[in-house]
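Labels A, B, C, D, E and F are assigned to the chains in the order they are written; within every chain, residues are numbered from 1.
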Amino acid sequence: MSCIDFEKMRQMLYSAVIADILDELGYRDQCMDFGIVPLNADDVVCGRAFTCLAADVYEVPENPYQKEFRTVDSLKKDDVLVATTNGSVCSGFWGELLSTAAVGHGAAGAVIDGLSRDTRAIRKLKFPLFLRGTHPADSKGRTDVIDYDCVITCGGVTVHPGDLIFGDFDGIVVVPQEVEEECIRLAFEKVEAENVVRGELLAGASAEEVWNKYHIL
Amino acid sequence: MSCIDFEKMRQMLYSAVIADILDELGYRDQCMDFGIVPLNADDVVCGRAFTCLAADVYEVPENPYQKEFRTVDSLKKDDVLVATTNGSVCSGFWGELLSTAAVGHGAAGAVIDGLSRDTRAIRKLKFPLFLRGTHPADSKGRTDVIDYDCVITCGGVTVHPGDLIFGDFDGIVVVPQEVEEECIRLAFEKVEAENVVRGELLAGASAEEVWNKYHIL
Amino acid sequence: MSCIDFEKMRQMLYSAVIADILDELGYRDQCMDFGIVPLNADDVVCGRAFTCLAADVYEVPENPYQKEFRTVDSLKKDDVLVATTNGSVCSGFWGELLSTAAVGHGAAGAVIDGLSRDTRAIRKLKFPLFLRGTHPADSKGRTDVIDYDCVITCGGVTVHPGDLIFGDFDGIVVVPQEVEEECIRLAFEKVEAENVVRGELLAGASAEEVWNKYHIL
Amino acid sequence: MSCIDFEKMRQMLYSAVIADILDELGYRDQCMDFGIVPLNADDVVCGRAFTCLAADVYEVPENPYQKEFRTVDSLKKDDVLVATTNGSVCSGFWGELLSTAAVGHGAAGAVIDGLSRDTRAIRKLKFPLFLRGTHPADSKGRTDVIDYDCVITCGGVTVHPGDLIFGDFDGIVVVPQEVEEECIRLAFEKVEAENVVRGELLAGASAEEVWNKYHIL
Amino acid sequence: MSCIDFEKMRQMLYSAVIADILDELGYRDQCMDFGIVPLNADDVVCGRAFTCLAADVYEVPENPYQKEFRTVDSLKKDDVLVATTNGSVCSGFWGELLSTAAVGHGAAGAVIDGLSRDTRAIRKLKFPLFLRGTHPADSKGRTDVIDYDCVITCGGVTVHPGDLIFGDFDGIVVVPQEVEEECIRLAFEKVEAENVVRGELLAGASAEEVWNKYHIL
Amino acid sequence: MSCIDFEKMRQMLYSAVIADILDELGYRDQCMDFGIVPLNADDVVCGRAFTCLAADVYEVPENPYQKEFRTVDSLKKDDVLVATTNGSVCSGFWGELLSTAAVGHGAAGAVIDGLSRDTRAIRKLKFPLFLRGTHPADSKGRTDVIDYDCVITCGGVTVHPGDLIFGDFDGIVVVPQEVEEECIRLAFEKVEAENVVRGELLAGASAEEVWNKYHIL
């Protein structure tokens, strides 16, 4: 994989500009659905997907948590845990100690198509977390990891291990690896061009005329 | 249309008191449904509706954005863009540059029965925006304006062009034009009367007795 | 009922640790569903349930508000109003003046499986309120109390009058009265043990090893 | 109320033609939502609404069934029981013995915005029943009648006691009493006119030309 | 397990009477939710639960179908396959050849909290099948069995292997093993008593008086 | 386009076998979602898609029905009208006279991601109709065609004009034109092979062994 400056991306890019570039490149279904939101309005997540697949169960399994721990212990610097739970709403699949471990391993954040608990503590950790909601109950005997480091669908988008993930308040975009270099380059270019347009519109210019002049929205 | 002091309304009134007066006047179905929420908890929107009707499409149309631009360029001082999208959840129908243009035209805010993008930037603009959620993808080839300045239904309430719109954290109320003067006058009166009741209840008075005395809730 | 230090519970406990202890004690279905959320992210509610059952109606009843007032006037110090509305989404069942009366009676907060209005004013009251959403319309002729001080289901959990309620950002847990003493004692013990684990994980330890050593999540 | 030939209506009219005439008369929101369906595909219900309002409860009330019995015992010849349950899905609110009693009183059918049980037996009774679904559990201690012979909303439409109800496989239409005579007269006229159009279209004529010629759809 | 005459149960009992007896015995949450319906209106299923737990996956697993085959090959005479799929709607988890194998093993039917395919062929087999809906796509690489012969939740009810299952058009009831003998005996008694009541009501008797006389609904 | 024997396909193939072949060819997302069902259980639709895109409106447009008529008048022998309505549930978008015109033009059926009316009459026409449900109200001033003969999404699947459509009780499959010849050929082959397997399973063979022997499900 190429050498990407994740920190610069987090500071200068945003999900909408990345989605625009993916549109231009012909990848039009890369945004997760709007029910997955950041725990903190200012959270930005950017890094490589490490995936996890879970489902609800109704008995405590033989080795509770085992695959969930292995998932978390597999995380490396700038990884983003991307987990799907088959729509689980009966437990907080993610939580504080897992977030703490993820921070300890240098992970960049987590995107959970499901619920989390310990969210007050996670707030204090400054660990970017995207989720559908919260639940006080532990996952033991409720929601179990059945596989990890595998292809999943999260928020309606197919995610392969290693895909580039970018999320902020607008939502989460998945950048396929084959276009990531081109996508990032073009995104930085577009961000600069938008500043001119903004100024003219604030001064009261017609939206239609500004579009015809710059073709930037 | 009558001369209304929108700024005074924004500072002193709130959606619940307007809904109460409309109840008294026999208009009992004027509140939009609870899924449309302000981008910022303190956003207050008050002005006249300029309406817009959109729907999802699956090809880039001949003149993308054209009707959306004309909608935005039609906005005047104290107008509120009220847009419905036929339940679109596949794009950010509204966005930063449209918000910027709306601000440039003096518009008072926007109520979108749909999604928006560029929400971090819109926050900075201090443009009151009510919406169902956020999405990073552009509307081009996804969600297209099919008409504007027409009767629509937004959040379950029929909105005619020129109706008075008042929204805050509780929700959004549509005031039909034939009762707007009476409604505003009575709302200002009720706001004053509520202050007495508040004091007695905080001192521990029985809710039932206070109601029997003042008939204010 | 035993003498409980509610204030200490509010400051030191959280919903997830209480849910964990209830799991250990064999009570695994005590968390309300994730759609009921705090009005303020930092709201914590802890006290004894005083219950209320409401439903939508379509005419103004003979004595509007009467049973709702009697509910509120029945509240005592450290009571938590727990109300269910048969899924009502057509009015703000709860509101500012009821919150004010509840504060006047010393109540600890309210959990509404339904909507509220006057939420900007309730924010200022510092009254912990958990709800599904907001609506500007009054409950008169829309949502009526049909019983109170009765068994109800709120957020999917059966609540008996007098049950212990604990809610925070993660969600709301109902502690049955027969295990409340044991539950509270064990919860305080667990909170202390978690601090050690947190430190080792932040230093980069393996989640699996830490679990095998402490068996705390 | 006027003297209506309900039997002739059942045999010759259908819900779509009644909805069309109501459109012409300016009543455009009179069709219940599409989730309420007939138990048998060929069921037709036509008669005057006798209304009932129920809600879920969580304890067996003092006099279980009392108001439900009084509702059923109030039914007269050509009455249609129209019941709403505040969205109850935890019991079969309606059932065989109530249907049997309704048949005994000469009622024309029932429209339940909720669930029913004993549906195999009701099928044999040839009692037209419209419902959202089925549930084996009795309503005692689950779903209780709180009022009857009152204004309700059923399937999203306001129903006053005595309104004319017409339902078939397409859905259920509520005819307000002030236009019922005109509506029925015009509906019979339209049914006859449609037969000509049908013949030309089957022969392969252009839909647009036939419309321009007859203005019937 | 006791010797039960399943065939007599299928012919004489129905789900509502079993739910009533379970209510009397204090088991009030034993009916699956109303979205699981029979493929044929006259299907009746009665037998002992053999359980299966599945979830959606996004890659073809190493041994596709293996656990699903083992589930089906474990079925014995009068077993009912009760499967839950974590809400899967992306494939026909169940199908014709599995039904055929189940029939070959003497199974009494299947209850799928999910979708099936090959439903025209299953109709011809006269194999009672209860399901949420249909889908043409195979389960391979879409929905995989993760466990069987385990505790599950199906249609909202906890099912233990060996529990008695009874389903018909009204819905599906789960009879816990500790009360099954008493439940079946009382159900046969109640079925006989209802016939008297039915006759009086059809003759036009008051529902309230008949209830006061027989206390049967 | 190639010469296809649609009548033979209708008689011998079914949606599940076509979905299986598309899986083998690498097209795994071609089945519409399970909410679109046939009006009659035995309806089979097979032909080429002629597409239509509609959305809800709130005023009667200048030329009501015009684009809907042009859509229907464009249908040719063996065409299948495939219409999407942006999730409209407020009218019967499709109806009897349109079905009659479609039959007059030789169309093979219709797939409506929306509602229809006049369904009793359409039943008599023997016109295969797949739909989400029924509604008595006319589309005029409620749901309007905004484009036709364009790319659409129907039931979650992208449909291009001319794509091959096959639907039966299991659901509806869209066959992209570039693989249609291969798909049809392989589907006929697979149908024959399944008959052997069926016989062995009915005789009580193990599902796992039969799979290992034939690799057919």
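Please note the rule applied: contacts are C-beta pairs under 8 Å (C-beta built on N, C-alpha and C of every residue); 3 or more make two chains touch, one makes a residue touch a chain.
Values in this document were obtained by computation on a predicted structure and should not be read as measured data.
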Enumerate, in label order, the chains that touch subunit C and subunit D alike.
none
From the C-alpha centres, identify the chain that is farthest from subunit A.
D
At the subunit E/subunit F interface, shared numbers over all numbers used: above half (same) or below half (different)?
different
I'd like to verify one number: the distance from the centre of subunit C to the centre of subunit F, where each centre is the average of its C-alpha atoms, in whole angstrom.
49
Starting from the mean Cα coordinates of subunit C and subunit E, work out the distance between those two points in Å.
36
Dist(centroid_CA(subunit A), centroid_CA(subunit B)) in Å evaluates to 31
Approximately how many whole Å separate the CA-defined centres of subunit A and subunit E?
40
Could you tell me which residues belong to subunit A and also touch two or more other chains?
none
Chains touching one another, given as label pairs in label order
A-B, A-C, A-E, B-C, B-F, C-D, D-E, D-F, E-F
Touching residues on subunit B, where the partner in the complex is subunit A
65-66, 68-70, 72-73, 89, 92, 95-98, 100-101, 103-105, 115, 117-120, 132-138, 140-141
Please output the residues of subunit E touching subunit A within their complex, sorted ascending.
53, 55-59, 86-88, 146-147, 150-153, 158
Within their complex, state which residues of subunit B touch subunit C.
14-16, 18-20, 23, 28, 31, 33-35, 37, 42, 168-173, 194, 197-198, 201-208, 210-211, 216-217
